[in-house]
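Listed after this line are the structures, all set down as structure tokens.
What follows is chain A paired twice: with chain B in the first complex and chain C in the second.
On to the complex of A and B.
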């Protein structure tokens, strides 16, 4: 039960994630990330406002792209995350490596600054 | 058999000599002889298990040949002794006549039994009944001999005609003819012609005897024999004509039969353990022979499960194939409006082709699990070479092949799944074995752990290590991912834990070293969350660091509160360089009697009830707060009990581990 919508606006590529990311659906997330990176956008924004749940496998997907994003100089910014999901990122410490903001506007602004 | 025959004959002759004693006796013996022959042949011929028509006819032919040779020899003897007085000897004439008679009877009856087998091939109940009436009537006619009627008596004629008419009706059962192939038909014609020849010869022979000599027991007066003659002759003639007229159409029947056999091969190919390639081979062969295609190829799509774009060619080479393919594409565009037959699927195509060597083409797509996995292309050197019938049969072949392949793939999937399940079981065993049987402890605290794995293998890990008599390292961790790879990473973690702990390097260095080691061996998307504790009984203090693992819950007896440590930390394997050290934070606290540390994995806090409500950290905190007076074991039991109560019958789909340390 995972749906990923992709839309591009200027240099921002937004992935709108809806539903749960568990071990099995993380494969789709991985494919979507791979595809997004392939387009070489200025920044990838993750709209997590409809992300209900993320398992360690899902976190692993984001984690596995950190190095590549850095190499390609693409910034990755999350926004709209629920408290619960944000907590998962925080426990693992990913909030220290990834940029998590509140709104799409914040995300765009921060993506530019990075 | 012949010995008995001769004995009977001789006996019969002896009786003839003493004629006048009893006139019924020779009849009786003759009848017994007939019945004996009848039973004998029925037994011999009926024994043949498989129906091989040519063999049956061959048997008739051989019997006839033997009878004819002997009979010819006798005639020759008569010619030799022609003018001799001996030939006038009634006894001798009768003796030879009886040998003749016996042979002819044997031939007739054996042929009769063979005819019976042929007529009753694919019998119906009605046919069987008619046949039985006929057979019993014939048997009855043996008895009729006792009445001693002469040839040409009215009742004799009536009965004879009746039997022959019955025979004629039965003679139109010739289903076996259809099952002969072209060659067999020619053989049958030859054999049946010979049978007719024998019949004619025997009849002439009998007439000769009958007219030339005075016979004690004239066979021509025997209604049974005459009826047999009539019946066998009729059936022979009718079969002959039917076979003759069937000759031109036999190829069609053979074709159909071959189609059925090919169809069967396709459908059975999976059971016989053949692989996909063999199914494709059979499909191509069958299709080519079914429509007499001059050339064909089968191409398999690269996107399917097959490794590469493969082609199986028949009667043309790669270059030809490419040329034809290009031509087809052109023709298809032009003709798709008029000639395409695919209503339901557009890639099916049949039409004319403007090519140097081929004039018409039939393309049939291969659909496996609803996806087009390839196509079969048949070519012919004549225009309009594929009629509706052919397209249908090819469609059936292709369907059957696809079903076979689909089944094959399903079977493979099932096997793969089974193997996967087996692997999981092994991984589960490995994982269990990685968890310690007993935990190290010191007199000033109790430690108890509980861990349960979900259906699949998870990656919950906990362990202890005695660094020194007063120092014990405790670890709890969760390996991301599931299945065999999780178990594998967990075993790496265990190795790292045991080797680094003995170096007594402190929790910060432990995490940095562990991250360094894991960075080299973890998969790109894998990480391990961990909390590492060193309990020092001498200073009654705990030093710990958290690497992305769930916050530690601590109950302090001094202020009677349970709370989580809110320190930062980063999972192992996430940042695979020296920067990781920036994210390691060490905590420490002094413990007192009654203090409780609860370690757990996210399987506990993220466990959801049917309405998707998580167990959560607050519930866990409250349990510890409320039950702080209990022993470590009881607190652990309380937590698990409440966890089950929360989830209800909802199956837990993650591993869950809880570890309780209570200080004294």
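On to the complex of A and C.
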């Protein structure tokens, strides 16, 4: 089960992800990311506090938007990730390519600095 | 689980992406009976999920009338052998070239990183085909305690 809630506060668009992102559900993440980019926010924050699982299908979705985010000058910041989920990003060194922080406050502050 | 006893577990599932969750639960439940670090279990669950997703999508086109089988052999104090077995188009591992992360970002290709994860997590990964059956065999050493 994957549920994605979107909320906007000032220049921040937050996608709150709950559940598992695998090969069956990653299409919904893709749709949510595309819609979020379409709104041209200053930053997209990914609230991963309730993200239970991510496989390569989910990593692939985030990676596929890196260039477009750069072109549009939109920063992407993750926060609230469990150690298990963070480890999946770390195995491939994606934690070096993507910005992963602890709290929503950190995420907002760092999004402004990017 | 009795110490030192070799145990086998298996599950057969239809080739639907919606079945991946139950495959993950099977691997997790099986390994939870052993003294394996929780983070390591998560990684092993991920590796099996990646191989199964590849097979379900690429070898079987998500045809639910077809099945794949997952076998886990645990040899305590030695290691775990995971096998994903199917009948279908075989995966030619010898021609698989690992993509670079830069290339994936540049081409916006969403696939290709599943096998990278599997190779990083497992100690050995082998694909073989005999008599119409394809087997992906993965081995993970266990820390001796």
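The rule is short, and it goes like this: the second predicted complex is superposed on the first by the 114 of 114 C-alpha atoms of A that agree within 3 Å, B and C clash if a C-alpha of one lies under 4 Å from a C-alpha of the other, contacts with A are read in each partner's own complex, and residues count from 1 in each chain.
Here is the rule we go by: a residue touches a chain if its C-beta (ideal position, glycine included) is under 8 Å from a C-beta of that chain, and two chains touch if they have at least 3 such contacts.
Keep in mind that this is a model prediction, so the values were computed, not measured.
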Quiz item: For A:45, is the partner it touches chain B (first), chain C (second), both, or none of the two (neither)?
Solution: neither
Exercise. Identify which of chain B and chain C touches the larger number of residues of chain A.
Key: C
Quiz item: Counting only touches as set out at the top, which of chain B and chain C does A:83 meet: first, second, both, neither?
Solution: second
Quiz item: Residues on chain A in contact with chain B in one complex and with chain C in the other?
Solution: 23, 30, 56-57, 59-61, 63-64, 66-67, 84, 91-94, 97
Quiz prompt | Contact footprint of chain C on chain A as seen in their complex | solution = 20, 22-24, 26, 30, 53, 55-57, 59-61, 63-64, 66-67, 83-84, 87-88, 91-94, 97
Practice problem: Please name which positions on chain A make contact with chain B in the complex. | Solution: 23, 30, 56-57, 59-61, 63-64, 66-67, 84, 91-94, 96-97
Quiz item: In the complex formed with chain A, which residues of chain C make contact?
Solution: 17-18, 20-21, 24, 38-39, 42-43, 46, 49-50, 53, 56-57, 101, 104-106, 108-114, 116-117, 120-121
Self-check item: Complex contacts: residues of chain B adjacent to chain A
Solution: 478, 480-482, 524-527, 529, 547-551, 568-571, 574-576, 583, 602, 614
